[in-house]
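Note that chain A is present in both complexes that follow, paired respectively with chain B and with chain C.
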Partner chain A sequence: MKPHKYTESPVLHLKLDAWRSRAIVVLLMAAMVSLVGRSFYLQVINNDFLQEKGESRYRRDIEVSASRGRITDRNGEVLAISTPMKSIWAIPSDVKLAPDQSRALAQLLDLEQRELNRKLATDRNFVFLQRQIPPDAADRIAALKLPGIHQEKEYRRYYPSGEMTAHIVGFTGVDAKGLEGVELAFQNQLEGKNGSRSVIKDRRGQIVEDVGSIKPPQDGRDIQLALDGKIQYLAFSTLKQTVTDNAAKAGSVVVLDAKSGEVLALANWPTYNPNNRERLSGAQLRNRAVTDTFEPGSTMKPFTAALALEKGKFRFDSLINTAPGKLTIGTATISDAHPHGVLTLAQVIQKSSNVGTAKVAGTFAPKEMWEMFDSVGFGKPPRLGFPGEVGGRLRPYAHWRPIEQATMSYGHGIAVSLVQMARAYSVFATDGELLPLSLTKLPPGPVTGTRIFSPQTVQEVRTMLEMATQPGGTAPKAQVPGYRVAGKTGTAYKIENGVYARKYVASFIGLAPASDPRLVVAVMIDEPSNGRHFGGDVAGPAFSRIMAGALRTLGVPHDAPLNSNLQVAQVVAEPEGM
Partner chain B sequence: MLRFNMALLLAVMLCSLGVITAQHKARKLFQALEAEQEHARGLDVEYGQIQLELSTWATHPRIEKIARERLKMQTPDPAKVVVARESSPRGGGGAK
Partner chain C sequence: MRAILDNTRRAPTEVDMLLLWSGLVLLLLGMVMVYSASIATAEGSRFTGHQPAYFLVRHGVFLTVGIVAAVVAFQVPLTAWQQWAPYLFMAGVLLLVVVLIPGLGRDVNGARRWLPLGPVNLQPSELMKLFAVLYAADYTVRKMPHMRDLKKAFLPMAAAMIFVGMLLLKEPDFGAFVVIISIAMGILFLGGLRARLFAVLIVVMLVAFAILIIVSPYRRERIFGFMDPWTDAFGRGYQLSHALIAFGRGELFGVGLGASVEKLFYLPEAHTDFLLAVIAEELGFAGVLLVVALFAVLVQRCFAIGRQCVTLDRLYPALVAMGVGIWLGVQSFINMGVNMGLLPTKGLTLPLMSFGGSGILANCIALAVLLRIDWENRQLMRGGKL
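This part shows the complex of A and B:
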């Protein structure tokens, strides 16, 4: 081919079909349209995915943790509080530790080095090395900058008063949910709600800006209990002492404010330390005062007397013949521990005569007796809000046999919890009104209850109960120096396998000052086995100590001359005191 | 026309510099706020811990033990207690 000029190029002179160039143009245009369309689709119509991807490059959602509310007593003393701790966890496959690093870590974690290595030698990809360590130790671990070791904030619950308030406060599990006591009962209020916020973080991990909405964390509400720390301590230490002294199996104490129905103290023995709950037995965990029922025995008698007065069937000084100390109803025989002759109704209560009480009860229709029991709250849970509250046993009156009615009048064949019994006694502490119980502190002001007995009846029963603590009564040891005390002993046989065993429940329930009661104290000692088993000997002195201390704590004015009771209260009286 | 455009350009430049400074200041303030909030949380935690410590030191058994053993305190003998009554009529009030 010979050379030629550009203009003479044969290619320029080729005549191609016109459709070919048009086809190219159309193809190019189509490609462009599809590109524009695609980008329109991605940017405008379906842009969520890409926007999310973009945001995830700089935006972080962080959880803002809320703390659980505190539980305090009525004076603001802390009974349960959460404090942040760190839990250290690891991804074992990421962990590469030099020997000295491993030693330092083990030391900060308070672990043996071997133990640490054992924990890391697992094929799981998540392992807790140590839970709930103090924040400063966690900071030092973070400063080691070890690969694969991470930490997480957790709250740990502390109970400063320990075993003393264990049953009333309860405890939480590892996931910070209430498992027992007030922690469970008030779970909804105590629980905090975690908040969240979306933020932009810079390269150094610092928060630069808030984006999107912030959901503030809601800390749990603090719960202020009606409990009085001082009275609780007094009740607990006295109970512990009494149970030990009498070689008893268990015991409970309940202290109520007679004016408001607030639970000022509630203690059980045996108990446990809620801060360290390893190897707990059911016996330790049980909140006996609320979840266990027992046949109350003679502490039931004042209700029989009150009903007799209320129905006008007896007067305060009506005579009842209790000789010869035995009474046979059907095939069963009721007897008194000490036979008495002719007694007034008041003396029947003072001396705690079973025969006398059974005779009084014989004049009631079963229905009216059942209605009275029901109205003071026996047979139904006291609705304190505690987990596992029981209502006790009160059989329907339609099936009562005469002997059952007789035994129920002095507290056998009917089962109640100590809290129920204490609450029922509040009827005698007010003017005959039954108050609703409250675990939490109530605002000051009068509390209205349900009227059960007339003030006149209550006044008379209270006088009878006062006689029981005076010389000639069953519980002179329950006296409190400087105060008039009204109360009743109970010594009941325990039922084992359906028959009454030679085991006892000794109890004392009383109120003081008798002129204007402020407190109801109920003491129950299960199976005292150190020679004494009468309520007046076992529970009476405990009652006296708790009541004396509580009244002094509350600054209740004396209503009796101090010296008259002194000789009884002080076993070894000081000479100048007389 | 050119002069007007130049003026606009200058205005834009100034505004954008202003935006940059404002943004920078905002971030500085925001970080300070974050730090303060962190501090507040820290104090809150410390308050809780101190409260816990307080209640641990002030448990009733401990107080009683110290009062009885170290300070040799005791409950007053009821016979030595004098009760002053407030509300009784003038002259007749006073002690038992």
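This part shows the complex of A and C:
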């Protein structure tokens, strides 16, 4: 269309061409239609591609942490439990803190402000500011509403009984994996299986909603230990007291159920608080009863006696001449602390004569003696499941020299852990069977062990051990009122740099009630240095207290008159052999 | 054509209800969506004092001010607007100069577009769009007898627009530049400027745009981001890729009001330039269709009212009405096209809907002027006098 030419009138001349406005409207409407088309393409046709792009940006699979199983004692008392905690993390580039906010945050995180700033001054876009802080502190941090500061739920392992059960329970690392003790030994059962959920997160990492299905976490299984909390307390506190009283370096106690092989208590000193493991030393950490070996000394003698009886080479009352309290084998001489003259086999044990024991051992072939040691578990780990269990040292019999065989008969030149020793004594507590040990509570019912000695032999050795705690024995202080106690002292020189030093390991291992043994208690005190060092003086009283308390706790019927302790006062302990 | 016009003329109301309601629906839907789009960012930002309703409250105030201004503007006869037009235009130019003066203009993200006025910021380029309509219409009406004379009709306007355009590019506000040039050119075109000239001009402008885009790295970046947002989806294409994802997530009927994920700190400018993306995600294709349809209705009403003016020989109101139609049509098309990746990203808001006081104010006044034009038409057709 052309402008109108048919008139000169200025009004009519100033007509707007309709085609022009129509053209613009058409253009604009076409634009609008193109928008609708494009929108339809994006939203209805091509939305899969775009949604996929979107999910790759804000859909995240996150772990749902499973809680770790609890560890309880045999009565259900909790020894280790996971409590929910929070971890505080940050996207440093999102964090902009005013000075007062920074101060408040640092305080809630229990950090120096400088340390907080250092952590935030990183190029990474994820940094932990503090892990495992209590939920209430985390809530107060959340209330600050600081940009770029986020939280995550975690579990923290808490050990209610603290240092008392530290060595048996162990502990977990910050990633909730067991590092020591039962926590490590039963890691697979205790650890839960983390679940997962698919979520949409906003750009700041907050979860907006769940998408897809949730895989629920499988919590870890609880572990019920054989441990008896009361007996453990008794063992621990007595041990602590004994180590302190004797100015000793260390000590351990093991309490076994003589019927089942369950470990009812296991304590070491020094120990540590598993809830606060800053400034931990290796000495505190060591589960000595399991990982440390020592030359047991005289506590080995009953095995020599048992073998002698078992092989029919000696009888209970066979006479052995220990005079003059010295015996020279090759170039070495072994001696008794006090010469005794002629003793029966039973008295050799009761009075702990080295000479007598060595003479008995001299009648054995090295092989049969080695086999006996091997059969009661020396020289191989007791397979409790603990990390770092040791087997001790039992040298092959082929290379034994006579003097070595002689010293081994009374516990030198052979090294064992206290747990091995306690377990070996279970042979005398049963009717000659060696029981497998168990850290966990066993179902009721008889436990079958491996027969080592005949019931007859065991009966006789038990009588000898009972004599050792009676007048004329080495450990009257190990007596327990109301119960007949059978046990043996040990006072061994420690080896330092390959030579025997004038340092001692005092021990006592015993069982009670002697008429039908229920418990084996082994006490070992390392380097008592407060004037007394004999096992009967140092470990005996501790044994007595622990055994008495444990028997009472278990409600074991008395098998002796309650006033039997009257004899103790009148009795002077006979010094024992090495 | 006449039949359609007759149809609307026979409506028994005093004002164009279709225009009024589509404008109001856009304003109210805009407020709801601004709230939805801004709630998370407002709560998460220290700048807003962590108040979730920070933008809602301000948008509400802007709407109130805008509607009050619209009521006032409705009282103003078009003859008065025409008289004021040159002064308003000059005032607008002055504001555009002032905003560039360091210390007076306020710098946000490298663009100096705002004048701080106490608690609020004034964006002169938004008001300039309205003034450009009023002035270009006045200019065209005055020059109409000389429309075929290039020197008299075109060059003065071209000079004025080049000056304004340079001020806008200085800010920079490329979006406002495009809109204002479109308004001026459109009104000149409607006024009868030679079509061949336009063909030449369009070619010249395309070349000029191309040069601008090549010279300025800031604009080039935006261009490349728009061509393929997925090659550099976390850099240049970040904003657009998130807008497109929002569209894709919306599907037919949306994820539901308030349920957008993109607005949760992913999509920048969700409550201003990229409001449509949030609408697309939350209300789906249906929501986008509604918004596009309402703008189409607005544009159609502008031109219908304009053509009615023509039949009544009211040239100035006719050009103002159509000018507003071009403004709303072009700006809404560019904004929505940008949101969908049809056009390169530039800083343009969605008229009547996006957050922003100056824009809402200018849009409300423009609608009031349109309603006034229509009202005056109705008075005249009833044989009344203005």
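Going forward, the second predicted complex is superposed on the first by the 454 of 578 C-alpha atoms of A that agree within 3 Å, B and C clash if a C-alpha of one lies under 4 Å from a C-alpha of the other, contacts with A are read in each partner's own complex, and residues count from 1 in each chain.
The rule we apply is simple: contacts are C-beta pairs under 8 Å (C-beta built on N, C-alpha and C of every residue); 3 or more make two chains touch, one makes a residue touch a chain.
What you are looking at is a predicted structure, and each value in this text was computed from that prediction instead of being measured.
Q: In the superposed arrangement, which partner chain does A:Val208 touch: chain B (first), chain C (second), both, or neither?
A: Touch partners of A:Val208: chain B and chain C.
Q: Just checking: does A:Glu77 make contact with chain B only, chain C only, both, or neither of them? Give me first, second, both or neither.
A: first
Q: Output check: A:Ala143 vs chain B and chain C. Expected answer is one of first, second, both, neither. What do you get?
A: Touch status of A:Ala143: no partner.
Q: Which of the two partners, first being chain B and second being chain C, lies in contact with A:Tyr158: first, second, both, or neither?
A: Only chain B is touched by A:Tyr158; chain C is not.
Q: For A:Pro557, select first, second, both or neither according to whether it touches chain B, chain C, the two together, or no partner.
A: After superposition on chain A, A:Pro557 lies in contact with chain B alone.
Q: Just to be sure I read the superposition right, which of the two partners does A:Ala398 touch: chain B = first, chain C = second, or both, or neither?
A: neither
Q: Based on the superposed arrangement, let me know which partner A:Ala121 touches: chain B (first), chain C (second), both, or neither?
A: Touch partners of A:Ala121: none, neither chain B nor chain C.
Q: In the overlay, answer first, second, both or neither for which of chain B and chain C A:Val499 touches.
A: neither
Q: Starting from the residues of chain A touching chain B, keep only those that also touch chain C in the other complex, and list them.
A: 206, 208
Q: Give every residue of chain B touching chain A within the complex, in rising order.
A: The touching residues are 27, 30-31, 34, 45, 48-49, 51-52, 54-56, 58-61, 64, 77-81, 83, 85, 96.
Q: Report the residues of chain A in contact with chain C in the complex, numbered from low to high.
A: The touching residues are 3, 10-11, 13-18, 20-21, 24-25, 28-29, 31-32, 34-36, 38-40, 42-44, 46-51, 53-54, 57-58, 96, 145, 147, 200, 202-204, 206, 208.
Q: Across the complex, what residues on chain C touch chain A?
A: Of all residues in chain C, those touching chain A are 1, 40, 44-46, 50, 141, 144-145, 186, 189-192, 230, 233, 241-242, 244-252, 261-262, 264-266, 280, 284-285, 288-289, 292, 295-296, 299-300, 303, 306-307, 310, 313, 315, 318-319, 322, 325-326, 329-330, 333, 336-337, 340-342.
Q: Can you name the residues of chain A that touch chain B in the complex?
A: 67, 77-78, 81-84, 135, 158, 160-162, 164, 206-210, 229-230, 233, 237, 481-482, 557-558, 561-563, 565-566, 569-570, 574, 576-578
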